[in-house]
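Quick one: the structure is below, questions incoming.
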Amino acid sequence: MQLDSRPRRPNRLARREAITFYLCISPWILGFLIFTLGPVAASFGLSFTRWDLLSPPVFTGLRNYTHMRDDKLFWQSLSVTVRYTLMYVPTELVGGLLLALLMNQAGVRGIRAVRTIYYLPTVISGVAFVVVWMWIFNPQAGLINATLARVGIEGPRWLADPNTALTALWMMSLWGLGRTAIIYLAGLKAIPPELYEAAEMDGAGSWPSFVYVTLPMLTPTIFFNLVLSIIATFQTFTSAFVATNGGPLDSTLFFVLYLYRKAFQEFQMGYAAALAWVLFLVILVLTLLVVRSGQWWVYYEGEKR
Amino acid sequence: MARPTLRRRVPLRRWLLTGLVWGVAILFLIPFLWMISSSLKPNYQIFAVPPQWIPNPPRWENYGEALTTLPFGRYMINTAVIAIVTIIGHLLSCTIIAYAFARLRAPGRDFLFLVVLATMMLPYPVTMVPLYVLFKQLGWINTILPLTAPAYVGSAFYIFLLRQFFLTIPRDFEDAAVIDGANIVQILWLVILPLALPALATVAIFTFQASWNDFLAPLIYLQKPDMYTVTLGLQFFRSTFTTNWAYLMAASLVTALPVIVVFFVAQRFFIEGITLSGVKG
Amino acid sequence: MTKRLSMLLLFGLLTVLLISCTAQPGGLVQQVVVTATPTVRPEGAKTVLRVGTGDSGEGLTPHLKIIEQFEAANPDIQVQLEPVGSGDYYARILTQIAAGDPPDLLQIGDDAVPMFVDKGAFVALDEYMASAQYPLDASIYLPGVQDPGQWNDKQYLLPKDFSPLAVYYNKKLFDAAGLPYPQDGWTWQEFLDTAQKLTKTDAGGKTVQWGVQLPAAWTTGFEYWVAAAGGSLISEDGKQFAGFMDSPAVQEAVQFYADLYNKHKVAPPPADMNAFGGGNSEFDNGAAAMRIFGRWPQAGMKDNPNIDLGVVGMPVGKQRANVLFWGGFGLSELSKDKEAAWRFLRFYSGAEGAEVWKDWALPTVSAVADSSGLSTDPIEGVWLNELNYLAPRAYVYTPFWGQTADPALRRVLESVILDPNADTAALLTTATQDAQTALDDLLAQQ
């Protein structure tokens, strides 16, 4: 008896399924047309203009895009952002998973409080949190260097040193892993216990069952976190804006920070729009690569079709 | 319970694990503890060298003063309203849309899904001005609509999250329901929803926290001070020239409390909640 | 009205769609809260003026007080203050202006004046000031205080508050070292000597007390050093940096400043390079004897038990100089009720407002400064006296200062502070070239 009625069925059913699909996503289509398409098209059009926000935009053709080639800060901000993304994304994926595994230890005393604590940094409003870290990194009075001084080590100048500023921001972002961990946690909870029981009956210890049961079943979650991490990390803004304002010596000049500066501090919104679209392309290409690669390593229990 | 429990193993393992879990927790707590410490100091003591953990004497008035400089009670209510309306929007719209992307087949589906993802890739500063113009034309400035209405037509992040989740659910239940003659609506409501409760609770919690901490949108769309949200209130303590650290810490802590409490309590629903198992069948 | 109606209809449609997808009658209830913003004021109602300000926290109190007084005297006008603190104020008002919806009165900082005025965001106030019914006489202001609000010989903005630079000093540390307090009119050399005498290191070579806390790579503050060295950063026609930014005078200023950090080591290294002040706290902790900065943190210093505060004028280089930092209010070109807005503006910036401001900042009106005894106050009098030595800020020569020379200069300062072996001359040459290229590019596009 054919339980699965989906493949090889008559066109009428296929058409009904398609109609249902479009009906269900119609709110999204509506929202896209109203809230997204207009502003996005406008920003694309603006990228071909010079606009100071105070007077009407002036058409300048491809000038904004060709200017990027000679713009030292464009390449600098791209380099900073790419380097930071390469540093951060792997740590987010791995660190988040480790944190989730710790959060998943139902037997540990006070685990509920622990989970809340891991999630705490995400909850504290962005600005206040970064400000606390600015103090922690303070070369004279901050927690890290004061503690190092106790054991006689002179700590680096962290945010005030172009060689360590980016690393300092990276360290700060590690405290925000709670959010990723929770998503992993949901994924972990979704793994049917029978699989583990079966593995145990076959004599598998905790490491093999992690590698052969947990990880494969987690691939949809890992995929989600990877895509989202790429998209979000390329657009890092707040931490740099509050903590370093791009300095010292532009060592933390993130791309979106540079964009923001061009738009709202240097009265060059047209150029900022062009920058945004370049970033969009970069993120899009990378995401497509990841999505494409998904067919080889992501396993969906529900049989994605 | 997704891992083999360690209860049958040697208790030493459990103690080590507890130690590790709590060790990391203390590490995570450090910035938070510093915030509490700073919130109780007069400003000039915060950057003292060497750093003092215990304020001497503790200035409890900081809390009263910080929270009354501006009407934070009102800001919290404003923010809560926005958060709740947004949560409802997300739960309603994103669930259906995500399910459609996960289970239904239609021409253009995968392309549309990429478009959904693509909407997250354009940095906000450049669409901010055209969006503002749009909302101004609609007459929505100084209302909560620009912050909440978009939630009712889906949000890329949550659509993606839920779609991944739905794809991990085995088709057996739906297939059984299809055989029993259920239509898509009934499948969603009776079969998927109970199984998806943890994911939906995650969506709710994340939305709550995101709304609570949202800064740029309220900054642009809410101009009347009595409509301000918590984040707008907090940035008052930073001016171009000086920052009132103690007040900022005190106010940040107090305004973060609702989210912390909600998370702590709601854990039951989405972490320890109904597990996804086909056993009960 | 039709727009709102059609939105409601759309939402109704959405609701219907969603309901049809779930077939649960009564299971979905959406409450959409719509609060209308009135765009048309009915006759006889109060005029509502919107005022945008970048002040925050306690700094809002004087604003609110003035508003209260004004509304009591002018019952037909209601003033709505729209404050946004810290760095996001400009993002918001620029967005509003771009959408054609800015507040009636806008506060901006000095270096934003050329750009905003040049592009027509503000209305020239000269006519209003000369009007018979609501006049404002510019001579009431202290010297130099209304200049930043002028452009092309017209007055566009009126002053709100201002501050020059001065040297704070901690009497406790001077007393402990048995040194006399700094005297007005002291020279760069005397300043350096004083700083060196007050810098102490312990047995291990670590500095436990610093002579002076400097504001790191703060570019606008640095203009004092350039002016005092007798130099200038740009030509008067605003088109050329070569010969100015890389001149010997500027080089001397940069070198002297850098040496304070790296050669004489009288200044603590910056804790945090982000904009204002370098994030240092030595002076507040009583670990630095002097501090160069504006008047903004003074109130906190007076409350600080570590400090017994004194203030003295800036040291004299080749000449005596100082620079002014300033914020002011202007009338939006797009304001719908300019007359009402002007009535409030003249109250805000005039003598009545100054009476309130004097408790929070230096008043802009000389009569108020005198009557409140500030001119003779040992600390406040110093600030007011510095107004007699103001050199023009570099931004007045070109509206593109912030986009061209400022980042270049900043990079020079950061480099010389971070690297004791930096080649000042080479850095300035590069900076001049970078600034010039950027400026030429922008001028060509106009």
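List of remarks:
In this document, chain identifiers A, B and C correspond to the written order of the chains, with residue numbering beginning at 1 in each.
Just so it is clear, contacts are C-beta pairs under 8 Å (C-beta built on N, C-alpha and C of every residue); 3 or more make two chains touch, one makes a residue touch a chain.
Source: prediction; values computed, not measured.
Taking the CA centroid of chain A as reference, the farthest chain centroid is that of C.
By number of C-beta pairs in contact, the leading pair of chains is A-B.
The distance from the centre of chain B to the centre of chain C, each centre being the mean of the chain's C-alpha atoms, comes to 36 Å.
Separating the centre of chain A from that of chain B, both taken as means of CA atoms, is a distance of 15 Å. Chain C has residues 14, 18, 21, 87, 91, 95, 98, 281, 285 in contact with two or more other chains. Annotation for chain B: residues touching 2 or more other chains are 47-49, 93, 96, 125, 129, 133, 149, 152-153, 184, 235, 238.
Looking at chain A, residues 24, 27, 30, 53, 138, 140-142, 260, 263-264, 269 sit in touch with two or more other chains. Contact residues on chain A toward chain C in their complex (touch as defined above): 23-24, 26-27, 30, 50, 52-55, 60, 67, 134, 137-142, 157, 159-162, 241, 243-245, 247-250, 260, 263-269.
Those residues of chain A lying in contact with chain B across their complex are 3-6, 14, 17-18, 20-22, 24-25, 27-28, 30-32, 34-36, 38-40, 42-43, 46, 53, 99, 101-129, 131-133, 135-136, 138, 140-143, 146, 149, 175, 178-179, 182-183, 185-194, 196-197, 200, 206, 209, 214, 217, 220-221, 223-224, 227-228, 231, 235, 237, 256, 259-260, 263-264, 269, 272-273, 276-277, 279-280, 283-284, 287-288, 291, 300-305.
Those residues of chain C that touch chain A in the complex are listed here as 10, 14, 17-18, 20-21, 87, 90-91, 94-95, 97-98, 115-116, 119-121, 217, 268-275, 278-282, 285, 402-403, 410-411, 414-415, 418, 441, 445.
Interface of chain B with chain A (complex): residues 1-7, 14, 17-18, 20-22, 24-25, 28-32, 34-35, 38, 46-51, 93, 96-97, 99-102, 104-107, 109, 112, 114-123, 125-127, 129-131, 133-134, 149-150, 152-154, 157, 159-161, 164-171, 175, 178-179, 184, 198-199, 202, 205-206, 209, 212-213, 215, 230-231, 234-235, 238, 243, 245, 248-249, 252-253, 255-256, 259-260, 263-264, 267, 270-273, 275-279.
By the touch criterion stated above, chain C contacts chain B in their complex at residues 3-4, 7, 11, 14, 18, 21-24, 28, 30-37, 39, 50, 54-60, 80-88, 91-92, 95-96, 98-101, 109, 276, 281, 284-285, 287, 294, 296-297, 300, 303-306.
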